[in-house]
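A, B, C and D label the chains in the order they appear, each numbered from 1.
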Amino acid sequence: MSFRKIINDPVYGFITIDDELISHVIAHPYFQRLRRINQMAMANLVYPGAVHSRLHHALGAYHLMGIAINELKNKGVEINPAEEQAAKIAILLHDIGHGPFSHALEQVLVDVMHHEDLSLMIIKELNKQFNGRLSLALDIFTDRYHKKFLYQLISGQLDVDRMDYLNRDSFFTGVNEGVIGYDRILKMLTVHHGELMVEEKSIYSIEKFLVARRLMYWQVYLHKTVLCAEQMLKRIIKRAKLIQAATRQPLHDFITQPSENTSLEAFCNLDDYDVMAAIKGWCFHEDKILSTLCNGIINRQLLKVQYFGNAVDENLIQEKLADASARLGLSTEEAHWLVFTGEAVSSTYNLDEEHIHILFKDGSVKDISEVDNALINQNLMGKVKKYYICYLK
Amino acid sequence: MSFRKIINDPVYGFITIDDELISHVIAHPYFQRLRRINQMAMANLVYPGAVHSRLHHALGAYHLMGIAINELKNKGVEINPAEEQAAKIAILLHDIGHGPFSHALEQVLVDVMHHEDLSLMIIKELNKQFNGRLSLALDIFTDRYHKKFLYQLISGQLDVDRMDYLNRDSFFTGVNEGVIGYDRILKMLTVHHGELMVEEKSIYSIEKFLVARRLMYWQVYLHKTVLCAEQMLKRIIKRAKLIQAATRQPLHDFITQPSENTSLEAFCNLDDYDVMAAIKGWCFHEDKILSTLCNGIINRQLLKVQYFGNAVDENLIQEKLADASARLGLSTEEAHWLVFTGEAVSSTYNLDEEHIHILFKDGSVKDISEVDNALINQNLMGKVKKYYICYLK
Amino acid sequence: MSFRKIINDPVYGFITIDDELISHVIAHPYFQRLRRINQMAMANLVYPGAVHSRLHHALGAYHLMGIAINELKNKGVEINPAEEQAAKIAILLHDIGHGPFSHALEQVLVDVMHHEDLSLMIIKELNKQFNGRLSLALDIFTDRYHKKFLYQLISGQLDVDRMDYLNRDSFFTGVNEGVIGYDRILKMLTVHHGELMVEEKSIYSIEKFLVARRLMYWQVYLHKTVLCAEQMLKRIIKRAKLIQAATRQPLHDFITQPSENTSLEAFCNLDDYDVMAAIKGWCFHEDKILSTLCNGIINRQLLKVQYFGNAVDENLIQEKLADASARLGLSTEEAHWLVFTGEAVSSTYNLDEEHIHILFKDGSVKDISEVDNALINQNLMGKVKKYYICYLK
Amino acid sequence: MSFRKIINDPVYGFITIDDELISHVIAHPYFQRLRRINQMAMANLVYPGAVHSRLHHALGAYHLMGIAINELKNKGVEINPAEEQAAKIAILLHDIGHGPFSHALEQVLVDVMHHEDLSLMIIKELNKQFNGRLSLALDIFTDRYHKKFLYQLISGQLDVDRMDYLNRDSFFTGVNEGVIGYDRILKMLTVHHGELMVEEKSIYSIEKFLVARRLMYWQVYLHKTVLCAEQMLKRIIKRAKLIQAATRQPLHDFITQPSENTSLEAFCNLDDYDVMAAIKGWCFHEDKILSTLCNGIINRQLLKVQYFGNAVDENLIQEKLADASARLGLSTEEAHWLVFTGEAVSSTYNLDEEHIHILFKDGSVKDISEVDNALINQNLMGKVKKYYICYLK
């Protein structure tokens, strides 16, 4: 009897691991670390169910990859066992480079690199540890493998990463409107001239997928309270770095040294627990800015946040700065740590970068934005920008 | 202890009936008849789960009405017990005038009236039988009551009728993308200057609701196979009327006499079973047109159907007519019964007729199509039209 | 590209048909007839969602068969493509012999045969029409094939028939407590010495399955109102036969002739619509017994029913008989048509007939009732019997 | 317009907070701390979705309390607004005394008290801070209020605490068989002579509830890997105390001082993050026992665990102790930290302590174990005990 492990998943029922190499990758401490990284950073302050881990998301994306490959094989697309294994490993590891609180602290803790670059470095390191058995996964992950559609399943408009996170995030937040017909989309995937496409019949499901994503952005990912908490989190780390606030390893080095002096190994030991434990300690820090921000996160006493359609009124900003200065005895410059503005941007479908190709029964190919009566039009293709201000309550 | 009955509903869990008058309305044979009328006519030929009854839909809409009224009362909108009872009765009876196979045979079996007119006649009749106790329900149903929002809950852009049928139809078909955040929308309902509106926070849910509706139209209600089967059903009744095909009561009168000679009582005795039993009999009818159509429905050997973006090519029509004539020995005129074209039309949001008003926190009111970065724009507001042809396989 | 059709199912998401012979079996009018046979007979009078068809159940069981076979193959059990196809066809057709209202009218309309015998006759007939291509399916169905576990998947304690109907019936009724961990059980199936078993880890899921079945029996299948309606239905047909009540074909022959004179072809044309249309007509029949029963079903004005732990008190029966006689002017003998008693019996796990074998890791095999701390014990293994009386309200 | 806040919950849809005092209790840092305490301790090592917080559970139980009270009021049970508010506050705070990793570390970190005692102390402290406005909640919580059923809703066989955790834990683990018909049970609650009971019709739902609980115990709460990880966690803290392992505040005091020297305020600052951050640090501790246990938890390299029906064989224990001693250079006594045995115990229904009373229509009351054909019998009422051993892999 072959190797076989089953994991319960409330989203998909069961996830089956039936390959030993894959099970070893999952068992590796670098992968297990993802258990301690929240997929949705601070979203649980608004949606209490949103506490699922990045490990759970990686397993979910792996599960969808298996379904996608199966469907493609059933349609006659050639994918051999080595390619299947490699694609599954590549998706398992696609987010391995995420640090504590994922996107929220990206380029803050480690300011020189995006998580994709870190993922690549870590996969290379794992490939060494696994004696080169991840080389094909690495080729697919870096889009250097000739079957481009395998890369597109990992990173593209219809990749299984997005499908899983939309599914999973809408499931755990309880925002049912974010539900997507992922199973239908997976059944409609096809490969044409080496590129991943979807069959004509899936048009409405794809449009629905894009609208669900739009909704999830504004209702969840960019929810004003979530955005505010994540901005506070960023500022906590920045302030801690600035004042060289004391903390413990493995976080200590990342706070006190330039990112380039830190090691990959140290990074692979960092997770949400280090950051939250530090924040808990800093609640009692003498630096009022740091302790105010930290107390805000720990006790859910967040800054007040407002969204506007246009740039925030300068008078409002000044007024709030003055208020903060007065109440906490800060200089105006210091008050900017607690009173700040910014922009939240989302695009539903960005024609410059994104392409979802529909393969019609007659063999023609069209972009989803070009089909008859398309939902996606000029209005939805531009970026939507909102302006926000955060300040002391 | 007060009156109380609980009905299991897979969509909402439990539906509670806690009013004796309402329970008597539900127990009336006219309402019970809705048990024998399929909510989605022929859709089960494509979606086998879509066999739920119109009675089930009416109970579901009643349940949502209860939630809506509760939410409004919690927000300080004045609704007294008599109004609540009346609104619930009005929604229970809103579709009481539907005949066999609902919309599919509307104005075919009874060619002089829409189902809304028949609903009105039946509610008036019931009001007599209930000694005038449905008078307030009747006023609300006919929009003659001064609290206009009660009418809008029954018939409007955000009425509980639509919410329930979208919920229920997506549930029973298994088309999950049709899911709407009805509970969020209900929580966001409000009344402003006597009109039903939604709060600002619900914008994305409303947009999602409109897109889900658009999807349900093209993926389900106007699915080409469903449309074809319903067109065949219409033609069966028309052909039976033309050739005065024999059948039994209560259908007999509707086939053999002008609609104006039939009685409301006879209508209230008609249901899907009468029509299907007749169709089963007509499978063996000597009229080839009638028997071909009937066999098609009974044995799911439907006509072939194709959709086009433009009017169907005349040559194609002629070719198919010739083919049908030759194969069944029909005149060209007769062949039109089995080879026909038409248009399927749907609109996502029709600005001329439809208005969803958003109440902003600052007290201003905007149409959903006018909010910043609206999903609903010119492109989606027009009607989408597709052209189809049905012909012998 | 191979043959491939996808059917939406609210219970399992999608059901895939990827074999042409199977698609032809599904398209056959005998199978399509199951569309017009309600899986749960009269249960919708209590649970309005319970209107799913026997065709839907057959497709669901087919889907589970595919999963079960896949799991077994993954565990190294040898099942070749021909066997897989045959097992799938056998489960698709396992209930093909059900007549109108399934169990409720079994041995009433056709009094000489069980539905299993009729299924066998029809499968044989189909095998002829398909030129012997269903022979292997027939061997499996009749337990004459040497791989016994294939038969056990169709008919046994853990067959996919039961798994689907428990899933489906609990889904459509909304009785969530009936939910079973079918996916876990399927993943735990194994074959040992040619017999179907389950792995040790599934013990709790199996116990849960048995308790869910027990619950579904008493809460749904033998719910007193459902039982009463189904008893009324039986009596309608019996009374119609006795008084030779007029109706139309194809029902006519079954009402007016001994079952042995009817043809299989006629049977394959019978469905719920014929019976319900007849009942609708008999509402106006001059025979008071028949019309009372028919009105009861159509207008949901059912007899009153009571359950007792012991045999019904003879005085109560006499009192109700006298009441019925007086009110409808019937002889006491006639009154028995409307006042009757009976027993409802269910067993959770019947050791005489049933065996669920658990395969332990050490290779030993035990019956589910023999494992440590078994839920299933003497108390649950006997049959539970309740006594009921139905009478005029 | 009254106070009103809505929280999304994937389990129940929406949870409404419509009382200002309650919203202040929720906003209090002591309550917000529950956000950082995992409801299911180490279960996520087996069930990756099981990362929901104790705050989420408290909100869920609060939601069910609202439904329960509403149902009882609809049935004529007198509950005034103050009592309703108090009962809701009592359930919100019922678990406020849980420390890091809840039950897993109960009486390990703070060895002198059960979480119920700590809850009581904290509620008293909060009552002070809220100027006595929680006094009625306190009375209900301590069962000193004359309406005993309010206490029974918080702590009893059918309390909303259990109902929520069974719902929530089965939801987040994905163990669907654990689902209970909580909505039906809530609808069947009633009060008779001041005691909480359920109506006769709920018998099957209650039995199902007990079986689901039994299943959740063995499949989830006492899953051997979960049990092993939680035993390791306990030993980590015990070992850290023994060797006075260095860590930071607020954990430091609890490791280095007797519990009686710690303050309630310090306790209210402790959460999972402190413990996990300490464990992460101790992975590099020079004490081999401590670092082995800590690495096991962090990298999911757990001890091997086995369950037996009888006491673990002494030879096996000695063999494993010898192995551990040899491999890590430990004395036999020290090896006991990594090789240990124990008992896992669960009871489905314990007649000595538990009573679920069924109120029959005739006014009589029976225990669930005494009804006809009861599922709960001698066999299920005893405690089930399993014996386990954990040792180095």
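To be clear about the criterion, a residue touches a chain if its C-beta (ideal position, glycine included) is under 8 Å from a C-beta of that chain, and two chains touch if they have at least 3 such contacts.
Keep in mind that what you see is a predicted model, and the values were worked out from it rather than measured.
Note on interfaces A-D and A-B: more C-beta pairs are in contact across A-D. Most remote from chain A, judged by the distance between CA-atom centroids, is C. Between chain A and chain C, the centres computed from C-alpha atoms are 48 Å apart. In this assembly, the C-alpha centroid of chain A lies 42 Å from the C-alpha centroid of chain B. If you average the CA atoms of chain A and of chain D, the two centres end up 32 Å from each other.
Across the assembly, chain A contributes 13, 175, 184 as residues in contact with two or more other chains.
Every residue of chain D that touches chain C in the complex is listed here, in rising order: 175-177, 179-181, 184, 204-205, 207-208, 211-212, 214-215, 218-219, 309, 372-375, 377, 379-380, 384.
Here chain C touches chain A in the complex through residues 1-2, 4, 6, 13-14, 18, 74-76, 183-184, 187, going by the rule given at the top.
Residues of chain D touching chain A in their complex: 7-11, 13, 27, 29, 32, 35-36, 44-49, 51-53, 55-56, 59, 171-175, 248-250, 269, 271, 273-274, 276-277, 280-281, 298-301.
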